[in-house]
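What follows is a single structure, written as structure tokens, with notes after it.
The first chain written gets the first letter, and so on, giving A, B, C and D; residue counts start at 1 in each chain.
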Amino acid sequence: MIGVIGSGDPENRHDPLAIEVGTLIARYGAVTVCGGLSGIMEAVCRGAVQEGGTTIGILPGSNKNEANPHITFPIPTGLGVARNVLVVRTADALVALPGGSGTLSEIALALNIGKPVVDLGGWGMENVRAASTANEAVLLALELCEVSRDKRDQQALSGK
Amino acid sequence: MIGVIGSGDPENRHDPLAIEVGTLIARYGAVTVCGGLSGIMEAVCRGAVQEGGTTIGILPGSNKNEANPHITFPIPTGLGVARNVLVVRTADALVALPGGSGTLSEIALALNIGKPVVDLGGWGMENVRAASTANEAVLLALELCEVSRDKRDQQALSGK
Amino acid sequence: MIGVIGSGDPENRHDPLAIEVGTLIARYGAVTVCGGLSGIMEAVCRGAVQEGGTTIGILPGSNKNEANPHITFPIPTGLGVARNVLVVRTADALVALPGGSGTLSEIALALNIGKPVVDLGGWGMENVRAASTANEAVLLALELCEVSRDKRDQQALSGK
Amino acid sequence: MIGVIGSGDPENRHDPLAIEVGTLIARYGAVTVCGGLSGIMEAVCRGAVQEGGTTIGILPGSNKNEANPHITFPIPTGLGVARNVLVVRTADALVALPGGSGTLSEIALALNIGKPVVDLGGWGMENVRAASTANEAVLLALELCEVSRDKRDQQALSGK
């Protein structure tokens, strides 16, 4: 599962780069996880679903109707912005597109719990690998998913 | 999405009634939501997946490996027992099988937020409709899902 | 810290038994923890504060103004009903007064994580010790706080 | 209530700037809120308690024993890193000292929900007012607490 984070501003709901990221995630057979609302999240899901992919939207509110129309499985948490933590935990790796403070909080939470992030939004942060195209970002995220899986297996084995 | 709640005791992971509930949810085309661990949850997912259905497991821990082997989409929350709230919120209606205090907390949380529960575990509680067979329970839950959907639409329309 | 749980119905905000429980908790030098809203919660806090005690209100919403007027320290969680888990975790022992499904969820969550509950609301549940007066309930809760503390120390020592 | 966020690295538990911040918060009559662990959090609480102040520690784990020794009221959430949201929500304004990704996530979450942050850690972020001394930071935070209170009152009045 690849998490995609970015601006929720509805003006970005047809963002071409985000649509391409969603399309590629689906084409490579992965599941898209996001915060389920509009903007970049909606554009990514649009791309994923058009390509036949599956999308999981982890919503801040308690009503599934707040999900964008391309969410296959809405998870209404009722936790408000604390749902950002769940987006990060559910993804095996994240692709960060341009966004504001909400997206920044997700990048920081990911770094805090050791979840890999690929920067496709010009964030320019330490410990975040940058990609220059959607394809490069998705391929790098897929590779990092394997790292997450291995880490998970080790944690499970060590009983942590 | 139908939530199924019940004992996490691994001894129940082949429970025939739970397997039947999962099988019927999948046969009727619905998605199974549960807490993702062993016991009744595992038995329900086993039935659902064997019938070609999809299962979502909302886990208390932060490692996907703690999901039972029949979970299609694991959601590792890291929230501990607070994830019970998310199982209840994600389901449109719930079927309660036999269980302990964890299951009881989920029934109570569902009643508290107005989510319908079907009792297939002899809970005998007020405001919970009882069913005597797996088929009766799943059909009743499907009917109550429609009630949840209508309520959701009304809430969305009223801007709540 | 003693948690007090019970109905949030504003009609109960002058409930004499709840006021007495709050008064006694303060008199014995303990801190009152509750969900911070009206009804039984408000009555308990009224008693505690009148006796010079301290109250912590763990609120479901994100606005401190929703706290009842007798809360010393409001904790606005924005987590909705998931805050019930925090009331239970923050208390070292709980006193359950009469209430509805919200209170029942808190009793069940307490049992689920092994937090002691004293029944002063006629709940009549297994593994919950009943008390017949406010004084008996508070003294029993204080005793059970010690059990919680010892358990905590053991967990800390064993590195769990 | 003033939230103080910063590194949890135990090496910082005697950090003079953090101790001074805590001392001043207490001297000016405010309550210190933090994540309850070691490092900067412990230093701030040390200062606050030495000055006769009160400290609230919102802990990631479920055991109160993980709180640093200067926490007056530990709130063990069991929510892991999602407790960062509660630190931000409970504070009326925040002072950010030097830290890592956890602190950054708290600054971003604060910006996201409109909670004022004073930068005393060289974060240099947009929409965050910088202070150059502990006294300047605490006075500015106290002033911003009033802004938070007014905003809260307006939200309560408008029924949001």
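Criterion: a residue touches a chain if its C-beta (ideal position, glycine included) is under 8 Å from a C-beta of that chain, and two chains touch if they have at least 3 such contacts.
All figures in this text were calculated on a predicted structure; none of them were measured in a lab.
Chemist: Could you tell me which chain lies farthest from subunit D when each chain's centre is the average position of its Cα atoms?
Modeler: Following the centroid criterion, the farthest chain would be B.
Chemist: Looking at B-D and C-D, which pair shares more C-beta contacts?
Modeler: Of B-D and C-D, more C-beta pairs in contact link C-D.
Chemist: Centre to centre, by mean C-alpha position, how many angstrom separate subunit C and subunit D?
Modeler: Their C-alpha centroids are separated by 26 Å.
Chemist: In whole angstrom, how far does the Cα centroid of subunit B sit from the Cα centroid of subunit D?
Modeler: 39
Chemist: By residue number and range, which residues of subunit D touch two or more other chains?
Modeler: Answer for subunit D, listing residues that touch two or more other chains: 62, 78-82, 85-86, 113.
Chemist: State the interface residues of subunit C toward subunit B in the complex, per the touch definition above.
Modeler: By the definition above, subunit C touches subunit B via 79-82, 84-86, 100-102, 104-105, 108-109, 111-113.
Chemist: Which residues of subunit C touch subunit D in their complex?
Modeler: Residues 1, 31, 56, 58, 62-66, 73-79, 85-86, 89-90, 113, 152-153, 155-156, 160.
Chemist: Touching subunit B in the complex: which residues of subunit D?
Modeler: It comes out as residues 62, 78-82.
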